[in-house]
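In the two complexes that follow, chain A is the common piece, with chain B as its partner first and chain C second.
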Partner chain A sequence: MSSTAIPTARGIRGERPFIVFMLVPAFFFLIMFYVYPTLFNLEVSFTDLSLFGLRQGGEWIGIANYVELVTSKDFHRVIFNTVFWLTVVGVAVRIVLGLGLALLLDSKVLDKYRLKTISRVLLLVPWATPPIVAIVSWRWLLNPQLGDINKLLIGLGIVEQPIAFLSEAAWVWPALITIITWNTLPLVALTFLAALQSLPSELLEAAEIDGAGRWQRLRYVILPHLKPAIIVMTLMSTFWTFNNFVYVWLTTAGGPGLYTNVMATEVYIKAFIDGRMGYSSAVGVVMATLMVAFGMIYLRFIAQREFKEVF
Partner chain B sequence: MNRRSLAATLAAFTGLVAGTAAAETEITFRYIQFNADEVAAGIEEFNRQNPDINVIFERIAMQDARDQLIRETAIGEGPDVAHLNFVWVKDLGVSGSCLALNELIETHGVGSAGWDDFLATDLTLAEDGETIYGVPFATDTWAMVYNTELLAAAGVDAVPATWDELLEASRQIKAATGKPGFGFASGSSGNAEIWFLANFFMWSNGQALVVEDGQGGYEVGITAEELAAIIDYYRTYLDEELTIAGSLGISTDNDPALIEAMTSGELGAIVTPIFGAVRLFDDWRERNPGEELPFTTAMTPHGSGTPATHLGGQSLCVNAGTEHPEEAWKLVQWLTSWEFFEKYNTLFYPAQQSLLLKRPFPAEMEGFQKQFTEGARSWGPYARGPAAIAAMWNQTARSFGSALIGEQTSMQAAEEIVAFVQDQL
Partner chain C sequence: MAATAAAPMPRAFRVNTGFSLPGELALVVLTILVLIFLVYPTAWIIVASFKTSATMFSATEFEFTLENYVSLFQTGFARNIFNSLYLCIVAVLISTFVSTIAAYTFSRMRFRGKSMIFGSVLLGQCFPWIILVTPLFILFAKMGLLNNHFSMLFVYTAITIPFSVYLLVGYLEGVPRSLDEAAMIDGCSRFQAIWLIIFPIMLPGIVATATYAFMLCWTEYLFALAFLTKTQLKTMPLALYAFFGEDTSEWGRIMAASALTTAPTLLLFLPLQTRLTSGLAAGSVKQ
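Showing the complex of A and B:
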């Protein structure tokens, strides 16, 4: 039972002016820097505002931008790229590899060879590398003529001709996801590692005494224990990945053609290359709406979890 | 030093600093090309010659320059003088980012021989044909650079004159040496070079994406079938491995993959701007001191018409919101002077006919000189028409890209481009 005293409804009512007063600064910044821009963006999405007409403003065109967006086959592909490739595949790869890496880092093998500390330090290197540095480095590594990966593949006799990883349709998404995963995997792995270390060793010992093998211990003891961490990391990774602009833009700029174009890069292309701020805002609104849906799932999960923890 | 004399010294120093600050007008100049060190030295010289003006030199990546200026000027910020691509000036003038310069030109004059001496002035005018939003600064065009050793090894006696001959020469180079014949960037992002290649091909066949319709308007000057043939032409190089591997992954002519392949003799030919060729030759000479340059330059190939590339370059724009138009104009005058080009901008050619005569092309650049005088055209209707060049550029590059990777057919991609431009017009 929790020892924290739960305030009564009467007590809360008495504190209301103070609570409101304390919340004013936070609400002020929230309204100024989040609510107002969001509403402004929504308004712009119903206009034909152009990049070259920022001073003149745009004319009200109703839902024309949304109609165009929904009927555009390019936009359907953008949605597919964002949801399937970038988010579903990207997040799944990160969660699975992160879990594997966490299990490896927590294993007794590394302990036995005194590699525990060094492996954890090494794991932090990609995380500490700024995305721009990671992307530029990977672009060089994957370069068909000058890249070390192609030199290695040719040297080992695996391929005869260099592979244009960032321009061939068959390779570009796997290459892009590799770059994103390399740079962001450590956080996922470290989160799982922290959760693993909170697993009481008695549970594993008891399972072992009961005759559980490695696979059964993983399935019936470790994974259930990691379940909350896996769900939180999946939802948080979904947020970061779905909104991601930097990795896609700096690696492929949405190309070849529009093969890797995602919603975030579509917003940029429409606003700053085609100069269509109104249409771009409509894409942004759709993007935000999808994120709100994800957000509600996330909040529901967090709220349920906190409710269970408190009571 | 006692306290009194220390205080007096401090007071005198403070007064001196304050006096200097009060006398100086600070303006900002933002530059987009890569020879920033050279130009920065020219700005320092300007500051020395004009002690009452202090120019702060800023550098920005070319691909970000236009949008950044629009965003800044919309809220009254931005550099006092901005360096821009030729084709951005009209849009930036109309958007209210660039100051109308007619009054300053009339009052103070411009360039070494007046406004009519400048090249590509049509790209600096508003739709009324009179309001001037920019001053042409530097100019360039594109031409071919061939590796003479690879041409000889393949038994190609003369540089290709037509697009078909270029394709055939590339096949011969591939067959004789195993090396790609014609290197180009077919990627679709950023400043996608394929946009230029597509237009060079069109223009040399008497076609164009945007033409005047004869009734004061504009129309698409190429059919989808003709455009599809152009896509197929460039795709042949990819399909037959006649261009560098990974061509689809690079978008600019100065990508290290292309330049390194040329410098190391692994590639038969490239198409590049003047400064690209100059840098290539300099790099090669640095690696091979005392040896004879194994390159020759020539005009771009042609189709049923004559070779045609664009008269490219950059302009200078004065921020519409500047508080110091006179000082900004003084800087523009310095930047367009012969002294500045002679000492501080040696890589680029001035966009003034009288100054161009003072900077003859070296013998190895003969092909560029010929292209410049006989085969370079203005973007003309592209820039004057209602469609933003950046949008057509992006659409063309994206559609080419999707066809080149086989995501859609050449015909579908061509129809997409034609429909897009038609819609814009």
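Showing the complex of A and C:
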């Protein structure tokens, strides 16, 4: 009774032209946008191509760009900023606060005081705010003369002189991380909240009957249940943060001096301000290599099981 | 009815939260503080955009004015709004169409190397855009495509495809395969089955995906910064940031432009949040 129209194992071979036809448009864009420029970038990284001499093209200079980069003190600083401040501190703050916020929003207390719906809607506001607008707003909030945060701190008597959060070395990284966290926290919190809601309440009740206190329930019931979500969110947040350009560029442009310069802003500064396209490409290659290495190590040692479940 | 009569207290106040009353109140205060922290920066921008420059930075005074918007439009900002709308809408239409047919293939067809090909599409999600800027700039410069909306359409279509395919495959997995099969047994061709049966069922998912893609393009800054330098071609985020000066910033215009940039994302986002959240959560965290 098998008809050729039914997608049986035999029918599939005949459908190859259909599959190709359906996938070609998407792959045209993906290959032309991601694959080809990435390979081209690798080639440019071995030249001294200049922004101001694109027509003449660049000379092949071998690994000179990479040698310069590895031996440059400024670049060591850039790597430290990217890896430690932007990624490790930034992601850790986001995951911990996201967990706390999800637990708070899941609490029965909010239900009781009718704050549940409103808090979930308001949680989305930072996420719906474009990064550029978030940066504008926070640049004002942190402004030493006009900003509300300094007014509040002075009003409460915590400080006497306004703090220039975005130009004092001691404050600029915490300020940047605050901005990034504010804008990206909702996605993390909502993901954890969704995972929390799939936790069967019987499990928590059973733990309670067995005498588990609040911390024990968190440690032995809730956190193990959230583990896959935490692992996936940590990986995704790391990629997004490590690669992000706009927050650092528009908040401090890498300053004061090069104090907050990160790899993404370094790629841009070298290519479009210093005009050194070849060197910029080499920074990009290092960046991509670091991310691939991180992804592979992470998948190999931490998330193997979780990702088998997802894909 | 008997239960209601037996309980004079309102239902909500009988909930056992596991906290003492001071503990509950502390949590409520904490929640309110957190919500203020989350909403204040965005709310302030919108309120400030309607304040006169004399009262803009005052916490207590408020003088209503539309002058910031009038002044904004005198700079030719309408042109920037048009650029953003045009680029985002056209790119999202192309990307959603291309992603929908690709997602259908990934969800319904079996072919060799499928999971590897699908995995590589997802890699686009984590791809550092910044490293594409330099090579694409060189390529566009050689082709004379800098300061050209055609190249921006290409970029905006390409950046939204990986996420769209990912979300749409998620939605399609929720549509029973027996529907396609039933339609085809009843004599539909595969294209008819897609167009007449699957597409209408998927429409809410497609709308949600397109909305997300629109917001991604609408707020995009990096590629626009690198590839568009002519004022009349710039998108809203670029034009907005140009009002920040080295020494003085035109705060009135900045506030009005920020409010206009936020309005569509806020208005599109809040109604769609449940759909997006469940899609994102279902995709990223398989339970």
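The rule we apply is simple: the second predicted complex is superposed on the first by the 266 of 311 C-alpha atoms of A that agree within 3 Å, B and C clash if a C-alpha of one lies under 4 Å from a C-alpha of the other, contacts with A are read in each partner's own complex, and residues count from 1 in each chain.
Going forward, a contact is a pair of C-beta atoms (placed from the backbone, for glycine too) under 8 Å apart; a residue touches a chain by one contact, two chains touch by 3 or more.
All values reported here derive from a predicted model rather than from experimental measurement.
S.K.: Based on the superposed arrangement, let me know which partner A:32 touches: chain B (first), chain C (second), both, or neither?
M.R.: In the superposition, A:32 touches chain C alone.
S.K.: If we overlay the two complexes on their shared chain A, which of chain B and chain C does A:191 touch? Say first, second, both or neither.
M.R.: Once the two structures are laid over each other on A, A:191 reaches chain C alone.
S.K.: Who wins on chain A residues touched, chain B or chain C?
M.R.: Partner with more touched residues of chain A: C.
S.K.: Quick check for you: in the superposed arrangement, does A:162 touch first (chain B), second (chain C), both or neither?
M.R.: It touches chain B, and chain C stays clear.
S.K.: Looking at the overlay, what does A:148 touch: chain B (first), chain C (second), both, or neither?
M.R.: Once the two structures are laid over each other on A, A:148 reaches chain C alone.
S.K.: Is A:182 touching anything from chain B or chain C once the two structures are fitted on A? First, second, both or neither.
M.R.: second
S.K.: Which of the two partners, first being chain B and second being chain C, lies in contact with A:257: first, second, both, or neither?
M.R.: In the superposition, A:257 touches chain B alone.
S.K.: So, does A:22 touch the first partner chain B, the second partner chain C, both, or neither?
M.R.: The answer is second: A:22 touches chain C but not chain B.
S.K.: Answer with first, second, both or neither: which of chain B and chain C does A:272 touch in the superposed model?
M.R.: The answer is both, since A:272 touches chain B and chain C.
S.K.: So, does A:88 touch the first partner chain B, the second partner chain C, both, or neither?
M.R.: Neither partner.
S.K.: Indicate the residue numbers of chain A shared between its chain B interface and its chain C interface, in ascending order.
M.R.: Correct list for chain A: 54, 146, 272.
S.K.: Along chain A, where are the residues that touch chain C in the complex?
M.R.: Interface residues on chain A, with respect to chain C: 3, 5-7, 12, 15-16, 18-19, 22-23, 25-27, 29-30, 32-34, 37-38, 40-41, 44, 49, 54, 101, 104-105, 107-115, 118-119, 121-134, 136-138, 140-141, 146, 148, 151, 182, 185-187, 190-191, 194-195, 198, 214, 228-229, 232-233, 236, 239-240, 242-243, 245-246, 250, 263-264, 267-268, 271-272, 277, 280-281, 284-285, 287-288, 291, 295, 309-311.
S.K.: Under the stated contact criterion, what part of chain A meets chain B in this complex?
M.R.: 51-55, 143-146, 161-162, 164-169, 252-259, 269, 272-275
S.K.: Give the list of chain B residues in touch with chain A in this complex.
M.R.: Touching chain A: residues 67, 70-71, 74, 91-92, 94-96, 187-190, 241, 244-251, 256-257, 260-261, 388, 390-391, 394, 398-407 of chain B.
S.K.: Enumerate the contact residues on chain C facing chain A in the complex.
M.R.: 12-13, 15-19, 24, 27-28, 30-32, 34-35, 37-39, 41-45, 57, 59, 95, 97-99, 101-102, 104-105, 108-111, 115, 117-119, 121, 124-139, 141-142, 154-155, 157-159, 161-162, 165, 180-181, 184-185, 187, 190, 215, 218-219, 221-222, 226, 237, 240-241, 251, 254, 258, 261-262, 265-266, 269-270, 273, 277-278, 280-281, 284-287
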